[in-house]
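Multiple structures are listed underneath, in structure tokens.
Each of the next two complexes has chain A plus one other chain: chain B in the first, chain C in the second.
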Partner chain A sequence: MDEPNMTTTLAAPARGSARRIGLLVLLALLCLLPLAINDYLQFVTNTMLVYCLVAVGLNVVMGYLGQLAFASAAFFGIGAYAAGLSMVYMGLSFPVAMVIGTACGGLAGALVGLPALRVRGYYLAIITLAFGELMRWVYVHADTVTFGSGGFNVPAITFFNAHIGDKGKYYLFLATVVIGVGATSLLLRSRFGRAFVAVRNNELAAASLGINVNRTKVIAFAWSGLITGLAGALYAALNGRVTPDTFGISQMLMHFAIVMIGGLGSLAGSIIGAVLLTGLPELLRNFPGLEEIVFSLLLILVLFLMPKGVGGFLAGHIPWLRERLYREGKDA
Partner chain B sequence: MLDVRNLTVRYAGLTAVDDLSFTVARGEVFTLMGPNGAGKTTAFNAIAGFVKPTAGNVFFQGRNIGHMAPEQIAALGIRRTFQNNGILREMTVLENVLTGLELSTPSSFWGCVTGWPASTRAERGATDRARAMLRQMDIAALADRPAGDLSFGQQRLVEIARAMVAGAQLIMLDEPAVGLSPGDRLHLGQALRELAAGGITILLVEHVQDLVMAVSDTVLVLNYGKKIAQSPPSEIRDNQDVLEVYLGHG
Partner chain C sequence: MFAQLIASGLVNGSVYALVALGMTVLYRSTTIVNFCHGEFFMLGAFAVLIPLQTFGFSYAESIVFSLIFLFLVGGAVEKILMRPLQHAPHISLAMMTIALSYLFKGVSRFFFGREFKPLQPLIQGRPIEIGSVILLPQDLLTVGFSLLIVVGFFFFFQKTQTGKVIQAASQTPRGASLVGINVPMLRNLMWGVGATLGAVAGILIAPTTLVYPDMGAHMLVQAFAAMTLGGFGSLPGAVIGALSLGMLENLIGGYLSSSLVEITSYLAIIAVLIVRPQGIMGEWRQGRG
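Moving on, here comes the complex of A and B:
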């Protein structure tokens, strides 16, 4: 067998510290960001934060659990509608509406997880896409509740009766993203996250280890729905308007592209993908006619040069960036 | 420890395992042998819950497990390895061994996502147990390597470590010596004998004769799903029925 590689073992705590310090510095910079950007860039940054959560939610099912499921636009819409409508009809404050949107997304996720117990691959892809289109049909046709194809305006977010602008939303969104991504990271570094990846690798072997494959799938879908529903609630607050057309196939393709570019099975990649794919179109907006071409070429190049996405590429070259599926113990 | 009674498995008219009975004592290394298609792996799968028996029963420590799901059987302390594909290739060695602790890590879902201290302690404790098992199996140096990058022999040891880590009482190994070098086979044989000496029962399906003869306490030979011989390895090689099956004598 191989010779012991002591450096790998001894480096673990240092690796963890470096990662923690890096994250704290990044967070501090993010807190200062609104001081350095104008209103337009603030709106773009807020959109990036929303899509960070979307990407993390989709990556749980597609990257970690390994299921070809395309329901994330549906979860996104459910979160947006549930949060927005609860504010319109019940006059709830945004934090409460956000909880409702999140919970509805989670319930929808668990529901969509049920077919995944019976079908997989392309069949699951079709079923989940159909679910998204069904939800869009509901938004259009249940107009007595959803206001139909025209959608509805979401009441402004206030804090002690004071209107909160985009800079205020930024801090709310940033805190929400830190909590959502942090909770997902903790989940993935637990026995639940390991069960997701074990199921992706080999369902039979996973079952032989005592992992309940069906329960694992439902948990992953529910968490994915919950995080994406939370993103939907933020999206409703960000735009102040919710319409059915926002949550169609093109929205789903956007989510898929973010995860593929960022890297399947990578939390850092999810965030990188979200920042790139929401930021780049804005940067290219100044070059009319070239926008689509440059954007498409960039997508092709990234996928060609980095088959595991940007996150996978970075983790492959910088070992301490590799995401672990466990919490380090005392023996590291 | 394990009591297989009149086990029969049929697939659409084909009888893969036919009225098979045997018992395995605690700390015994019990090997199922036979030519290709003899029904060894089917019997193995029926015991581990991956195939439902058509007839007969399987008792583990007096409890009928014949119709339980694989994860329920695993929870009783029975772990199995797979012939070719049991390793979780995209996970590291440490993460592979940690998956073996799925049932004995008392962390709750909400405890994990909120970082609740009790769940965090349970998760950290699981990592310590997994690392201790890697050291015990002499593969601690491989902890951070992706399991798919290892040699066959190393992968087998990882599978055994993963089976052992949760305190399995019966380990079922499906052709663990396939693809191993003679040196790795020797290492594997020693590991199996050490496990048995520690009171762990081993049920082995294996073709590689030198490993079978070196580690087994009892060898059962199957042919066309039926038991044709069962005895210590020293006697099995002189058994006329076995010679006929393997060499076509008679």
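Moving on, here comes the complex of A and C:
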């Protein structure tokens, strides 16, 4: 690293145009992808897209705000349930349901942000984990509304009365992910995003500069909930079925692992992490146990070799990948 | 009914106490919150089951095997995986324990799939009646063992020279190493001890819950709740928190609704952290340096 003591590295903006062209080429390739892959790989790719959003949502709170919050599985579930149930009960079309799921996720995020004003570190991790498990209990026991532990089927998604298959969903998901990640990236570069990072680096100093720390935290949590809730809505559409067991601790640990592997405070890293950790278990699905073993070995390897995650590792070696407000390793 | 609920609450609570005690010992000596402690618990139960049912060891031999095995596993985890990361941020250490939890779960799932294996009780016998309270011999054994271990631990930490050295090493690691205490060795030892405590709890509870690869996850949450309730990092807090949690669960299950039992620990965590974040006994913090 050339600036060893800086917590925040500001990338030189001159490489902006090269990066923009690179992104456009990538996007064009992604648009052509469904032509090259079969239905199964399409499903896996769609799952990856969903987890890209999840990882970006969690990274806002963990990487940029620097809070150890374990509630993203809960936001994910709330988004999925809100979107799915509004389609079942009100017969809403998927785009509207998606908005409802996103809004509910955002509300839950703001709600979880409140204890974060008081509780921090491991305590915050535990209280948010408890919130997630509480939500799962609600899904099981509020069975008159949520259909209990068996879950429910989400109505098929249509577009002007035409059924949309996995390839169709892919374009919908891709557009959503581009918008979601783009909006997050803009937010992070705005006054709000800089406030997140200021609060992360030093709450007292941030407050002394006139940043409202409490409001900043609630905003970051709400945004995280919003993006993760949106991912939840997509997840409901992807699988066509929502069950309470999906949103337990193992889901949460998966989200945490994706963000850690990708790198805290790196959006590109989050996306890489999501692709890696969603793709890999899928390849090993038919070997019980092996899935977890390979997954854990990958985590251990990254922890040893790339302490800042894949995103941080790449940014250290390829300068134009460096993001603004990139998080240097700082104790949580 | 009240006495019965309290009594069986104490039985559950004493198992939680062993798990929470193991996590607390580790937390104090390394400041790591160990997310794979539930897997130590699960491995402890499997390490009894396999020699006993596959290799025809006696029960006592299997238990000794399991305790030694888990002690070695704990030590190996520290030496191979945690020590190289000792200067890494806390969040990476937490990630490492999560990775380990996946690894152990994966290994046991690789061999046992999603099977639920029964394990015979340590002692058979008819239920024992004490006044209006009815307990199984296995329950009494569980409480007795837990009590013995908890008392032994407090005696060890408060009264013996080695115990005091360990306390010193966890209070100020740097100061302790300056006066010639081998801190890394003690950390290694504490990982072994923590894992063994997990195994004891696993062995004691296995006959009542069955043995399966996912049995640790639930216990981890219970231990978190107990530690939070009693005061994070406090040894007496872990025990008191665990016993209160056990009784609370049973009282809520008995008087309100049995469906509330599974969320008692979550509600306890949320209520305690919002009302009194330092817990019943007050939290413990490592000194500087």
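Please note the rule applied: the second predicted complex is superposed on the first by the 301 of 332 C-alpha atoms of A that agree within 3 Å, B and C clash if a C-alpha of one lies under 4 Å from a C-alpha of the other, contacts with A are read in each partner's own complex, and residues count from 1 in each chain.
The rule is simple: a residue touches a chain if its C-beta (ideal position, glycine included) is under 8 Å from a C-beta of that chain, and two chains touch if they have at least 3 such contacts.
None of the values given here were measured: they were computed from a predicted structure.
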item	value
Contacts of A:R118 with chain B and chain C, given as first, second, both or neither	second
Touching partner for A:R20 - first (chain B), second (chain C), both, neither	neither
First (chain B), second (chain C), both or neither touched by A:R194	first
Touched partner set for A:L204, first chain B, second chain C, both or neither	first
First (chain B), second (chain C), both or neither touched by A:F131	second
Overlap of the chain B and chain C footprints on chain A, listed as residue numbers	329-332
Parts of chain B lying in touch with chain A, wherever the complex brings them together	48, 50, 69-71, 74-75, 79-80, 82, 85-92, 94-95, 98-103, 105, 107, 109, 112-115, 119-120, 123-128, 130-132, 138-144, 153-154, 157, 162, 166, 187
Complex interface listing, chain A residues touching chain C	68, 115, 118-119, 122-123, 125-127, 129-131, 133-134, 137, 141, 249-250, 253, 256-257, 260, 264, 288-297, 299-300, 303-304, 307, 329-332
Residue numbers on chain A that touch chain B, as the complex places them	1-6, 8-9, 183-184, 186-187, 189-192, 194-195, 197-198, 200-202, 204-213, 219, 265, 324-332
Residues on chain C engaged by chain A in the complex (per definition of touch)	33, 35, 81, 84-85, 88-92, 94-96, 98-103, 105-111, 113-114, 217, 221, 224-225, 228, 232, 259, 262-263, 265-267, 269-270, 273-274, 277
